[in-house]
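For reference, the structure I am asking about is given below.
A, B and C label the chains in the order they appear, each numbered from 1.
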Amino acid sequence: MSESSKTPFVRLAKRTDIDPRRAMLIRIASIVIALILGTIPMIISGTNPFEAYSVIVQGSLLRRTYLNQTVKIAIPLLGCALAIAPCFKMRFWNIGAEGQITIGAMCATYFALYWYNRVPHLVLLLMMFLVSLIGGGIWALIPAFFKAKWNTNETLFTLMMNYIAIGIVAWLQGGPWEGRKGSQLIPMFNDAARLPDFNFMIGIGEHEFSLTSHVGLIFILILVVLMYIYMNKTKQGYEIAVIGDSVNTARYAGMNVGNIIMRTMFISGAISGFVGFLTVSGANYTLFSGVADGVGFTAITVAWLSQLNPFAMIVISMMLAVLEKGANTLQTRLQVPASISDIITGILLFTMLSCEFFINYRLIFRGRAAKEEKA
Amino acid sequence: MNTLITLITAGITFGTVLMYGTLGEILTEKSGNLNLGVEGIMYMGGAFGLAGAFYYEKAVGAAAIGPVAIILAILAAFVAGCAASAIYSFLTITLRTNQNVTGLALSIFGTGVGQFVGELMRVKEGGYVALSNSLKNAFSASVFPGFFVKIPIVGPILFSHTIFFYLAIILAIAMWFYLSKTRSGMYLTAVGESPATSDAAGINITRYKYLATIIGGGISAIGGMVYIVTTAGCVWNHEGLSGVGWLAVALVIFCVWRPLNAIWGSVIFGAMMIMYLRVAIPFIPTQLYKILPYVVTVIVLIITSMRNSRDKQPPASLGLNYFREER
Amino acid sequence: MRGITKRFGQVVANDSISLKLFRGEILALLGENGSGKTTLMNMLSGIYQPDEGEIFKDGAPIYIHSPREAYDYGIGMIHQHYKLIEVFTAAQNIILGLNDGKMDIRAAEKKVKEICDRYGFDIDPSRKVYDMSVSQKQTIEIVKMLYRGADILILDEPTAVLTPQETRKLFTVLKNMKNDGKAIVIITHKLHEVMEVSDKVAVLRKGQYIGTVNTSETDPQALTDMMVGHAVTLNIDRPLYPEPKKKLIVENLTCVDEEGIKKLDGVSFFANTGEILGVAGISGSGQKELLEAMTGLYPVKEGSIRFINGDGNEVELVGMSPKKIRATGVGMAFVPEDRLGMGLVGSMGMSGNMMLRSWKNGKGALLKKKEPEELATRVWKELEVVTPDVNYPVRRLSGGNVQKVLVGREIAIGPEVLLTAYAVRGLDINTSYTIYNLLTEQKMKGVAVIYVGEDLDVLIELCDRILVLCDGKLSGVVDGRSASKEEIGLMMTHIGNKEAADE
């Protein structure tokens, strides 16, 4: 029988084990490839890629104000990626972080606008913090409830919830909460409703870097550690991992799958809501319908590329923030459209997503397979 | 009565944009691929479609004629959409990446590319990209002679629209015919329902998935172009285009994955999106009308899952990648 | 088929088997679970290729590389799991994958109707599959093969999912097809069906071909002897526990599945401490449902399951969730059939899997990882699990090692009742003996062990008593020390049982 003619030219074999160093090498290679591909739009727009990349790096990291802004972009990305991680671990595809941020921001804004003169500064911030958690949590709980009860498709449901949330804020913006009539804007927050800024001093060798950011940065960094502990060291984290692997095993072990789904989604939504609070109270000092600004979506890719590891999320979210901030500087200095950052981000996501394939599978070419068999 | 007519005609104008987006996504989802990159695809379609018409006019000058510009715009948008969804297809089908994440990545990439091309054109052409009035007219005029349009009621509702609307209806009918009357359409449905069964029956899963997703992306992209050359008046306008892709995804659910429903569904969605300008319903603030399409979609989603009616479910394998060795 | 051999790794599934099949005859392929019937037929239908041997059709050698090529040779196989698109109509499913020019669903429906009328099938070609019963789905699969012009039909345990009435209808249709000149193979282990429908019977046992006889010249007793063979001595230790006491009482247990079919029907028995109670039966006779009902995973329609405490009190388990059963202090361990899909978390290591029983332990929100880790190390050492370390994902371990992890964990909870489902399926001899010894050890500690098994040789050497199920009903309970394989084999197929004869 002519078996060999039937063998396809390339065959796939699942790798059982890969040297971690080699996996890391593949990942780094994928980033390099993305950066090389990213030169295409630069060349099209008539910019020297080397110059452009150096502007991106300089314009995002090497000056204090730039770094501050870069970190400001990274904070919500990181926070939201942390929120999404437990859902994805459970294989619950929550793509509604965008809406959960918006609702959290909206709830916080209510207190910022109408309670700032009734309670002390700290109490106000605490109230804003709490309602943002509850608001975001409940917004996420709705699709989770229908998933648990009737197995309603959560991807589509959470997606729709985003635009409902954004629409509600758009209405508030032009209606009940509008500041100056006809402005279509919600007024800026009173100082009492703003998160204080902090100076962080980081010493690296002889150099000292200082970084100014709202206190949210501290909270988010603490959250990184907490989320790592939650996912890896707690009973609830264990339940999430078991459900993500096999719902049947979870039932066998006596877990109430529906309740766990709802609880996890509440937590996830609450964290996203918290991110919304940080954004309005620490960065924008006001609310508008685009408050989430696509962070909810980008954060999904951050979470996924980090393989749901909270510490890796710091690196990835910083990387994307550098691109975004750097591209802004690029626009002002070299008149390259800032949207180039989205293009490079997109390419980076594509190559990093693809590289997992080459980490998990080995390609066996026909000729080589025959040799291996002989050996 | 007058309000209703203006509402319907305006609904159709915006609905036409949605119809392309939705029809493309229906085709994609029928193969079991949930491509959340429609937003990016439509951006790209808008930018490249405009570029196609613009550079055509720039090349031939006053000799430019409407029909050629229309065809070139459609082609440019379609090719751009195909290219974008080809990336998605390669990643999800061949490299087996997660469909949700890949779709979102394509959204980011596509909006970036669309925006980049739109801006770049503006910068290169000295600040303003505009077509001549004659071409603008060709894009936005009715295909029927004037006296048809002037017929009371029926005229504005049926005959006052651009060529893109009638093409979209033909496309919807063609897709309906393809999906329910042809062998290949039936096989495509089978692939989306159960790749394993289709594979066992000897259907080339990979080919169907690739073709449906790529062509679907191309069709969706035309919607972005239609928006730019009609509603936006042949000027790059990313703000107006933002969110249209997501609305198209919602509309797919609302239509329960049936192309014919997309015809009236998109008109309703279109009308809901512009209703705040024209109609006032007591007790509901007009600004809230814009969320109506999403609310309705959520309700449809919940009801179909509660009633568990088998005919109205998403394609069974939607969002799941298929690997043969896991049979 | 001549001299067909198929190996999976070291296991020889079919050992040079030769078989002849004639037009216009129904051949029953008889054998116990794991005797290689399905494997053999899969080679005819193109799913596997034989390692050795040849297949001839009408005198010419043929090579079948895929199910598609099998169709071309007129061979069609109907598997136990139907491959149908639920939202399609019967006719659409039937023509799926065919390539004969323009699609004409009307013409297809007409042709389907013709086939139905010819053989006496009863389906509406334009009806959607999700509206259909299991038997109608099966009919579609058969018609699909006929539509493709199959003249050799292979049916893999077609009656397993059918009611007696549906079975009778199927047999009528099969006879019609036979009279039309088709050759039919039916894979089964139900003797009365063999007697009723077949012309010839070919018997396989543990991958070996035993022989072919004419149905008219044989009887169930002779077939059983061929099927089970002579008892093989396995030398499994079977000590006696000094004073067995009742531990678990099951009365009139009835369970119904989602489609309303009775999976268990009025089953009553008891289990003692210090004994291994074997559960025998052909696959799908209600074993899975029985164990899952006892652990609170399968809904019970009627009946009671009572657990007797150390102090003699009875606890009713029906209606409790698995969580509640554990909370009540009922020490019940369960080794399910689907090891990685139900008993273990494939992506976690041994430590993570040990936690599956104890993750709730201890106060506070944090997991107590130390004990499970120690337990994992202990199981690793004591049961000689082959794994690089206790955090290596169990999905990547071999079947035997996966089972050791699972059994090791379940025994470690110090159960009073230990339920096991096909505990040695797919394991090599050594691991199997390790498992037997572990179970016996538990028994001697006073645990009530319930062992659902498929190998009768093992059951009669390992178990103290054996409960036999047939079609969800209790066929009887026999003493493991005195029962013979033939006796149990007959009880499994309800021969000599009046109830079954009526069906």
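Going forward, contacts are C-beta pairs under 8 Å (C-beta built on N, C-alpha and C of every residue); 3 or more make two chains touch, one makes a residue touch a chain.
Just so you know, these numbers come straight off a predicted model, no measurement behind them.
Asks: Using the definition of touching given at the top, classify the network of chains in this structure as line, ring, star, complete or other.
Replies: complete
Asks: Compute per-chain Cα centres, compare each with the mean of all protein Cα atoms, and return the closest chain.
Replies: A
Asks: Going by the touch criterion at the top, tell me which pair is linked by more C-beta contacts: A-C or B-C.
Replies: A-C
Asks: With chain centres defined as C-alpha means, what is the inter-centre distance between subunit A and subunit B in Å?
Replies: Going by mean C-alpha positions, subunit A sits 27 Å from subunit B.
Asks: Report the inter-centroid distance (CA atoms only) between subunit B and subunit C in whole Å.
Replies: 49
Asks: Could you list the positions in subunit B whose residues touch two or more of the other chains?
Replies: Within subunit B, no residue contacts more than one other chain.
Asks: For subunit A, which residues are in contact with subunit B within the complex?
Replies: 41, 44-45, 93, 95, 146, 150-153, 155-157, 159-164, 167-168, 170-171, 174-175, 294, 297-298, 300-301, 304, 335, 337, 339-347, 349-350, 353-354, 356-357
Asks: Over in the complex, which subunit C residues touch subunit B? Could you list them?
Replies: The touching residues are 66-68, 83-88, 92, 95-97, 99, 102-103, 128, 130.
Asks: Mind listing the subunit A positions that touch subunit C in their complex?
Replies: 1, 6, 16, 229, 233-239, 241-242, 245-246, 248-249, 251-256
Asks: What part of subunit C is in contact with subunit A in the complex they form?
Replies: The contact residues of subunit C facing subunit A are 63, 65, 295, 297, 321-323, 325-326, 334, 336, 338, 340-348, 352, 355-357, 359-360, 365-367, 369, 396.
Asks: Within their complex, state which residues of subunit B touch subunit C.
Replies: It is residues 181-183, 186-187, 189-190, 193-194, 196-198, 200-203, 310-311, 313, 316 of subunit B that touch subunit C.
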